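This is the structure I have questions about; it appears just below.
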Amino acid sequence: MNVTVPHEQMIQTGARALLAAYTYVLDEGPLTEWPSFFTQPCLYRITTRQNEERNMPLSIMLCDNQAMLYDRVEAVEKANIFEPHYYRHVLSDSRLLRSSAGAIVMETSFICVRTMLDGRMCLFAAGKYVDEVVVEDDRWLFRAKTVVLDSSQVDTLIAKPL
Amino acid sequence: MNVTVPHEQMIQTGARALLAAYTYVLDEGPLTEWPSFFTQPCLYRITTRQNEERNMPLSIMLCDNQAMLYDRVEAVEKANIFEPHYYRHVLSDSRLLRSSAGAIVMETSFICVRTMLDGRMCLFAAGKYVDEVVVEDDRWLFRAKTVVLDSSQVDTLIAKPL
Amino acid sequence: MNVTVPHEQMIQTGARALLAAYTYVLDEGPLTEWPSFFTQPCLYRITTRQNEERNMPLSIMLCDNQAMLYDRVEAVEKANIFEPHYYRHVLSDSRLLRSSAGAIVMETSFICVRTMLDGRMCLFAAGKYVDEVVVEDDRWLFRAKTVVLDSSQVDTLIAKPL
């Protein structure tokens, strides 16, 4: 009845597949593929829920181009400051926030469990992704991704990206 | 081959979208929208798995009309007896239990993480939703929702609804 | 544009429904239905991520036919060596790894929460399922299921299958 509905649904399906693929790269590697999920330029931010609710623009981390993302990957792979660990993300259903021709913004609740090499396991992070997804050259990409953490105590600076 | 299949699938898709929207309202607010997910009258119960398996009708909480749901919202928002906190729900796939014309009953496993304002985070609840979903005036609504908690130690009385 | 796409999508939908049904049987019972999710012969393995990454064929548990699966069910139900407990699985999106005519291999991240009868609740396991799914006599079945645990400390030998 409405030609825009199938189009939007197609975008939502593609955006969700992008997000799922993104979390598998974080969890399974290789981390060097992480920047390829973003447009150039892009916006990748980690912030806290309390900052977002107060409309404070503070970010725990902010990258606005792919070079910064690659720097981050290199730091993680070479610095070895932190103890090696695995992530495991589990996603809940996405909620559509806004959509326009060729772009949608959606949010997705997630939980991330971290496991250290010696076997210790903990609930590392809970929060949501707010993703602006676009299609460029037939590829689904994040133009902007904000990781909103429910807790302000998550130590993300010396670890893998979320 | 069977005309009822598309109809059932449509209902399942709608029921799942309703459940996802419900959890986002619990996690992101505003909590005042919580009662609007239910029919009038309705049935909202929280119980434990052990009670359910023994067929004991005991409920930790029971509301059978929207006024009771609104009372609960008011208590949460005004009483301030409990420490402020956030929820984060993650849903697994739903399983269809029964369906009839215009109504389905499905169950959905979930995990809920709670984060206090100071950043402390814990696995708050695990269990399943058993939902009876109907369509009234083109809106998907819960006619009955039972929250079955795996643990009997979850303190739900002085907190936000699940 | 490609006739194989709908076919693959159908298989993926069926494979996912199989996996969801599988986790509900583990979480809700009856456990005696667990072997019926597999072909005969089959392969059911539990291993750790570190073993997999080192290409070590070590398994924490290995069953290669239905009789071994039924033995395991009987051990769980009769031995009573371990303390009674519930599982609650939450699945993230699946990722397709390989597909051929009538068979697909996919992986699916999961988290499992364990609750003891006295109410104690813990994050029991995180990891992924790697599933080879086939259709036999119009039924979706696991021809091979590997449970890859992120942690090497999960005690799976004296508990219910994952």
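As written, the chains take the letters A, B and C, and residue 1 is the first residue of each chain.
By our rule, a contact is a pair of C-beta atoms (placed from the backbone, for glycine too) under 8 Å apart; a residue touches a chain by one contact, two chains touch by 3 or more.
Bear in mind that the values here come from a model prediction, so they are computed numbers and not experimental data.
Comparing the residue numbers each copy contributes, chain A and chain C share less than half of them at their mutual interface. The angle of the rotation carrying chain B onto chain C, fitted on C-alpha atoms and rounded to the nearest 5, is 120°.
Measuring from the averaged C-alpha position of chain A to that of chain C gives a distance of 27 Å. Among the residues of chain C, those touching two or more other chains are numbered 90-91, 111, 123. Only residues 49-50, 90-95, 107, 109-111, 123, 126-128, 150-154 of chain C touch chain A when the two sit together in their complex. Those residues of chain C whose C-beta lies close enough to touch chain B in the complex are 16-17, 19-21, 23-24, 27-28, 86, 88-91, 111, 113, 115, 117-123.
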